[in-house]
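Heads up, the next two complexes both have subunit A, just with different partners, subunit B and then subunit C.
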Partner chain A sequence: MDKDRDIVKENSCKTIIYNAMLKKNPMLASGMVIAPVIMTVDSLPRALTLAASFSLITFFTLLISSFVPKSIVYTVRIIMYAFIGAMVYVPASIALEYFIPEQIERMGIFFPLLIINSFVIYRSESIFFLESKGKMMLDIFFCILGYDAAVLLYGIIREIIGSGTAWETIIGMPVIFSVFAEPFGGFLLLGIMAALLRVVLLTIKRVKQK
Partner chain B sequence: MYSKSGKTETSIMTDMLIVLLVLAAVSVYYYGLRAALVIAITVGVCCITDFISIKLRKKDTVVNDISAFITGLTLSMMLPASVPYYEAVIAAVFAIVIAKQAFGGHGCEIFNAAAAGFLFISLCFPENILTYPMYFEKIPFSSLVPSDMLKSSMVKLFITSGSPSVSAPDLLVGKFSGPMGTGFVAILLVAAVFLALRRSVSAIALSAEVVVSGIAVFLLSGFDPNAVLTFFAGGMTLFGMIFLSCEYSSMPQTRSSRLLYGILVGGLTVLLQYYSKTENAIVYAVIIAAPFGIELDRKALSFAEMLKNRRGLFFRSKPLKHVQETLDILDKNDEEK
Partner chain C sequence: MELVKNIILTAFTSIIIENTIFSRALGTSTLILVAKSRKNLFGFGLSVTYITAIVSIITYFVGKIFDLNGDAYIYVPLVYIFILGSVYILTLLCLWRFAPPLFLKIRKYVHISAFNCAVLGAMFIISKYCVTFIDYLVHGIGIGLGFVLAVYMTAVVYDKIYSEKAPYAFRGYPLMMIYLGILGMAFWGFSGHMMNY
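After this line comes the complex of A and B, so read on.
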């Protein structure tokens, strides 16, 4: 925990943005909240739905949870975060069901499960809540943005190669790999994207070293 | 480089190559020149992709490494002779790039590359991969073969009806609809004996797979020997047992874990074929069992280590042969460290 604290103190705004978007991208580098991605995101509209619902629920849950006193026992604190998440979920679900009812219904159980995602349960205590309030807000914002960007990219690629459509419109792909529309293919695509991110990071590192 | 059987890897690969070339020759005889073209494309793409991947990874190419050639040949034997060429290319690229090189290249694979490549395209394009032309039929050279020339596999009919539809002599010589190189039971039986005697496949695992699945099918089919033969001939079962699950690169190290691995693969194949009605169940079984093989090894080695520490307590004279073998592996590992 102390080590984390030191790292957090050293982080500049630029580092926070770079880490959140690329180096420690929550989805592609840390493998966080991947279950709803694999199970529900097989097209761009669905990716947008997940990104919107995740952003809304996670940002406000973390923001409110940051006010929970540290003097409370760790286990109780985590339960309180989940409780806050459940409270945030109610207005968020009402709002989202008003605007995109069909898409939210399609998400099924993975929509309410966003309440207890690993951002709220793990990353909050190990990173976010160790920072000053301003930096924390910035970190949470860019982490969510990094996750959303990865989800959208994943959704576009999976829709094009798995269904041969873009925004649910046929684009006439010569070959359609229907396996990518299935969870097995979803895992595979996520793995390939994570590997490609590592290649990009290594290339950036090499360029910087030169 | 020496394999876990004590033979050089080149020697094992050469044995595999001989058998696969025989199967390839027979498949060309059965399905004509289109089969030869599919084999050439698959093998060629595998070798080229492997070479490019190695260069991209900035590793040194090994002159006598024919593993990509073997993967290509194994993969092509699992395809129908009517497969569209681009699908054969996709399977080959997937097998080499994703299943082999992404895991660190030859010797580091977790899953059999040919099995992974086949599984990928059979899930992507089931309509082309799981329908087959008949033997001795003239297949056109165009990429897409007319659908009226294609039939479901013999094993699919067996799974749905529960009774064999092909006579035993025809099963032995591969006269039924199926992948182009996996149904020649007579040749495969000779190949199994040859490879086991040459220690190029694990005889323990292979016998465990054959015995467990054979007995299970015999019981489940109501004591029908023809059903057992159909099970081994169709769905590339016997071929998969020899070339996908029993090759040393994906085998556990110790004899006991090889035995358990064989039982697991055999059991899974029967379960998948009989209860989930999966065509080509052996391919799925091999992929599912692969991580267990590694874990079985780990458990066997830690168990042997425990015995090593308590040798005096457990063994008054000499430890059992296979335990001694495991202990030797442990000692060898220690020396290498």
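After this line comes the complex of A and C, so read on.
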């Protein structure tokens, strides 16, 4: 915990943005909140739905949870975070169902499950709430943005190679790998994309060294 | 006899065919965290199965007493978190009072075993698909055991996945996803999918 705190203090705004978007990307590097990605994101519209619902629920849950006093024991604090998530879910659900009712219905149980995502349960205590309020907001914002960007990229790629469509319109792909539309294909694609991110990061590092 | 047959079928379905990780990816983030240490695997598995079993029983009675369908469905997560939180607190209190050594041993990971997508997901799944009390209970235990099976299967190869021998780009998390994908493909076969020739 102390080690985490030291790392957090040392982080500049530039590092926070770089880490959140690339180096420690929540989805492609840390493996956070991947169940809804694998199960629901098989097209760009569905990726947008997940990005919108995740951003809305996570941002407000973390924002409100940051005011929970540290004097309360951890056992109770963790329940309070989950409870705040469930309360944020109510207006978020009403708002999203008003604008995108069909897409939200297609998310099934993975929409309410966002209330106890890894950001709220693990990352809040180990990283976010150790930072100053300003830095915390910046970190949360860019972590959510990094996750959303990865989800959208994943959605586009999975839709093109798995269904041969773009925005649910046939684009005439010569070969369609329908296995990528299945849950296990989702795991495989995520693994490949995570490896590609490593290659990109390594290339950036080598270019900087030169 | 019919009851025993149903119990075996339901258990097989929830542990293998509809495995919480391989068929629904529920709790994958938790699996990544937990698979690191093989030391606490048994205790963790036991506590996840215990929690899924208890919350399944409570969910059954809550479903019988309150109508959570219709417009009330947006409050379902609130109810489930209340149930989960109560079970979590009561379990910790009982352990603290009656088995302090066990309490000290499991308090490090009990919150991970209670507040994860596999447990909350189990509550949503069983309330959607189960009807009888036995269904709820067996499915609840089965989901817990299925999760433990997936964690164990990952923990077994954890060292190899993070080995220096693995190519840098794939070492660790990427390889773990590919491994879960391959296992998922094998488990997918249990649900009776046929290739189109």
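Simple rule for what comes next: the second predicted complex is superposed on the first by the 210 of 210 C-alpha atoms of A that agree within 3 Å, B and C clash if a C-alpha of one lies under 4 Å from a C-alpha of the other, contacts with A are read in each partner's own complex, and residues count from 1 in each chain.
Just so we're on the same page, contacts are C-beta pairs under 8 Å (C-beta built on N, C-alpha and C of every residue); 3 or more make two chains touch, one makes a residue touch a chain.
Being a predicted model, the structure only gives us computed values, none of them experimental.
Engineer: Looking at A:72 after the superposition, I want to know if it touches subunit B, subunit C, both of them or none. Which is it: first, second, both, neither?
Structural biologist: In the superposition, A:72 contacts neither subunit B nor subunit C.
Engineer: Now for A:195: first (subunit B), second (subunit C), both, or neither, which partner does it touch?
Structural biologist: Both partners, subunit B and subunit C.
Engineer: Once the structures are superposed on A, label A:182 by its partner contacts, choosing first (subunit B), second (subunit C), both or neither.
Structural biologist: After superposition on chain A, A:182 lies in contact with both partners, subunit B and subunit C.
Engineer: When the two structures are laid over each other on chain A, which of subunit B and subunit C touches more residues of subunit A?
Structural biologist: If we count touched residues of subunit A for both partners, the winner is C.
Engineer: According to the stated criteria, A:171 is in contact with first (subunit B), second (subunit C), both, or neither; which is it?
Structural biologist: A:171 contacts neither subunit B nor subunit C.
Engineer: Go through subunit A and flag every residue that touches subunit B in one model and subunit C in the other.
Structural biologist: Touching subunit B in the first complex and subunit C in the second, residues 179, 182, 184-185, 188, 192, 195 of subunit A appear in both lists.
Engineer: Show which residues of subunit A lie in contact with subunit C when the two form their complex.
Structural biologist: Residues in contact with subunit C: 29-35, 38-39, 74-76, 78-79, 82-83, 85-87, 89-90, 93-94, 109, 112-113, 115-118, 121-122, 179, 182-188, 190-192, 194-196, 198-199, 202.
Engineer: If you look only at subunit A, which of its residues touch subunit B in the complex?
Structural biologist: Residue positions touching the partner: 175, 177-179, 182, 184-185, 188, 192, 195.
Engineer: Contact residues on subunit C for subunit A in the complex?
Structural biologist: So the residues of subunit C in touch with subunit A come to 22-29, 32-33, 74-78, 80-82, 84-85, 88-89, 92, 111-112, 115-117, 120-121, 124-125, 128, 168-170, 173-178, 180-185, 188.
Engineer: Using the touch definition up top, name the residues of subunit B that touch subunit A in the complex.
Structural biologist: 86, 90, 98, 102, 120, 123-125
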